[in-house]
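Quick one: the structure is below, questions incoming.
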Amino acid sequence: MSLIELSRKKSPWVIHVGTGGCNGCDLEILACLTPRFDASRFGVMSTGNPKHADIMLVVGPVTLKYKEIITNLYNQMPDPKVVIAVGTCASTGGIYQGCYGHCGSLDKVVPVDVYIPGCNVRPEAVIDGLVLGLDILNEKERKILEEKKKSKGAA
Amino acid sequence: MLKILANIGKNLISKPYTSNYPFTPYQHFPGVRADVTFDGTKCILCGLCQRSCPAECILIHKEQEQIEYLNTQCIRCGYCVRVCPTNAISQNEVYTKPSRQRLTVYTKVTNENAPVIKKRMAAEAAKKAAAEKPATAGTGPAKPAGEKKVDEKKTSA
Amino acid sequence: MKTTIQFGPQHPVWVEPLRLKLTMDGEIVKDCELEAGFCHRGLEKKFEWDYNKGAYLSERICGICTQHHSTCYCTAVEGTMGLEIPRRAAVIRTIMLELERLHSHLLAIGLTLESIGFENLFMLCFRNREIVLDMFERTTGNRVLHGINIVGGVIRNIGPEMAKELEDFCDIMEKRCLDLKDMILKSYTIRERMQGVGVMSEQLARDLCVVGPVARGSNVPYDIRAVAPYVLYNEIKVKPIVETSGDCWARSVVRVRELFQSIDIIRQCIPLLADAGEDIFAKSKTLPEKEYFTRVEAPRGELFYYAKGKKSKEMDRIKVRTSTYGNGPGFVPLIKGSHLADVGLITITFDPCIGCFDR
Amino acid sequence: MDVKTVTQQEMQDVARRLRAAGTRLITIVGYDSGDTIQVSYFFQPFPEGKAETYRVVVPKHGGNEEVESITPIFPAAYIAENELAEMFGVHVKGVPGRFFLHESINAPLRRKAP
């Protein structure tokens, strides 16, 4: 295990993106990072910069105006990256089904790895989702390393 | 200064405030709202929950005699529990675990008092009575009762 | 030399998306342009819907003031039907409203402190907030979106045991809030950072018709609980809390002082539960047909719902005017002429809720 | 809820009178009844008094309706008038008329004439 892989496993940095739901799940993510459900125990740190982030936590249905921005954020994140749809709205659209102002669930815009159902999600569920997201992150990392080895061997 | 010392002493003795969640079991208060479960032995397939659900997450298939519940789309409001005339819907207290796919739960309805099933059984009985000789084929649908199944939702909203 | 800075939509200060286009001259903001609509989902169209489902939809306009939204919606729809809710339901609604004000103000104070880099007190605010959320989980069944308000009353009762627990909760909360108040008001650092920043004069506050703690921080005693009393505020008299200086400090102090006001109101409500009758739900015999409007004092200010029925289960028109909608025009004149470092602080003391603003 | 129906010109005078008396503007509500667009103005006298409602009825002319702006009198009306313009597809004089909506959506709350 390389040093980078180890550090990534031990300390994933998350970026929190609110795309226009109610703020319920936003608050629960904040509650996750604060004393009661301290996610920093696993080295999770919230960052405002997508270029430093490994995991993207997305809240809310993707509104039409935000569609472009969230693809930009996704493209700015370095590989390997994991997208977690937090809450019902981000996963499927939830109660906002059929509103004209948004383009439905998150997976129509960017590929989603983990769905956390719940309206609003409990902080425990967010922690569970982060743990599941870490596994996926490691899988992706390994895949990238194998591909690199293969290309090196071919050369 | 003395106050600070007292505070430090108190904090040294007291337990940590942080809940140790993934290593200790999940704790909650009674009456917490989470996803719902359908009781196939009580449901009469009236379709009231489907019409009243704000998030359109319950689909009643009358022909297949089963209830499709889109767990990921449910908003846990509990309105279906209140409107159900036969108390066939109950609300769980433990949240749904995160998953890699969207969750859909199918419930098979086996209540013999449901009008649709009564009609079918009456029709079957009539068929049986009308044609005694040819053996009737099994008409039961493929999925057994209460089976949980994970699959991708096919149609988009 | 003039430069243009895009502040947002994804910015660490705000949880939610909002864009400010700042034209800078050195460190000073010369011009500011507000762009909203990143959260616009089109809920007013969606509200042309079954009025029972609308209560759940109105809750999901904003996750921080859910109870205020659904109370306001339910009162408006009850008005169109001419329905009066039972007294016990009114008491329960009032308790929930005040609990929600507590948690919203703690959140706002915490975020303000975080934006000036005071992480410790931010964590302490959130720690205190968790007690309120626990109380919510016990009484309503969910931490943030409560879902107990329906048209005609509430669906969960507060029994005598829960009332006793609420009393204990008030004692604990008051103690913790006193600690918090001491720490904030006596802190030299916080005062020096926030005093004199983003001053909104009384005249400007009156001109722009700002609402809530923003108006009360600028010496405008505008509080719907006192001006146009709703549910139980006819009996429980509320005196608006006013600060005179109108800067970021004044707005924060108003919020700190309102914590104690809320605790006091909850204390006054608990004895009313004992002799309030057993009914918590009144079934309506008519369908919504008239037009009606209600106002509620949400944690961020005045919240307005206009409802119009058409003698069927579907509503004809629901208009939502939220408190950030009223405070929105106030951003721009305050930001003009301030330093770039203060932009985040000024906007966060308005306690912006973009989910409300855009709907 | 009692509503006073006024013409557009009277509304300007009413707004000026209320502004001089220190009244607060709550909001502007639009409503499409099919063949007319009703614009209701809600005011709250301050520090005390009952809320007042004034209504202007604008007949529909296929998207060319014009509403007089009260933003010069009440600066607080800016967002509300923008919203009125973009939601109902009317022209409010002197406001840009696009604040919340994405470019691809036009006048979502406007109904078809019966």
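Letters A, B, C and D mark the chains in the order given here, with residues in each chain numbered from 1 onward.
One rule holds in what follows: contacts are C-beta pairs under 8 Å (C-beta built on N, C-alpha and C of every residue); 3 or more make two chains touch, one makes a residue touch a chain.
Predicted model only: the values in this text are computed from it and were never measured.
Interface comparison, A-C versus C-D: the higher count of C-beta contacts falls to A-C.
Rounded to a whole number, the gap between the C-alpha centres of subunit B and subunit D is 46 angstrom.
Distance between chain centres (mean CA atoms), subunit A to subunit C: 29 Å.
For the pair subunit C and subunit D, the distance between mean C-alpha positions equals 25 Å. Work out the mean CA point of subunit B and of subunit C, and you get 34 Å between them. Residue positions of subunit C with contacts to 2 or more other chains are 37, 40, 42, 45, 56-57, 60, 127, 142, 358. Counting only residues that touch two or more partner chains, subunit D has 101-102, 105, 108. Looking at subunit B, residues 17, 54, 75-77 sit in touch with two or more other chains. The touch graph of these protein chains has some other shape, matching none of line, ring, star or complete. Chain pairs that touch one another: A-B, A-C, A-D, B-C, C-D. Here subunit B touches subunit C in the complex through residues 17, 28-29, 31-33, 52, 54, 75-79, 82, going by the rule given at the top.
Here subunit A touches subunit C in the complex through residues 16-28, 30-31, 34-36, 48, 50, 60-61, 63-66, 69, 73, 94-96, 98-102, 119-120, 122, going by the rule given at the top.
Those residues of subunit B that touch subunit A in the complex are listed here as 17-19, 21-22, 26, 34-35, 54-56, 70-77, 95-103, 153, 156-157.
Subunit D makes touch with subunit C in their complex at residues 1, 22, 24-27, 29-31, 40, 42, 44, 46-48, 50-51, 53, 74-76, 78-80, 87, 99-102, 105, 108-109.
Listed in rising order, the residues of subunit D touching subunit A in the complex are 101-102, 104-105, 108.
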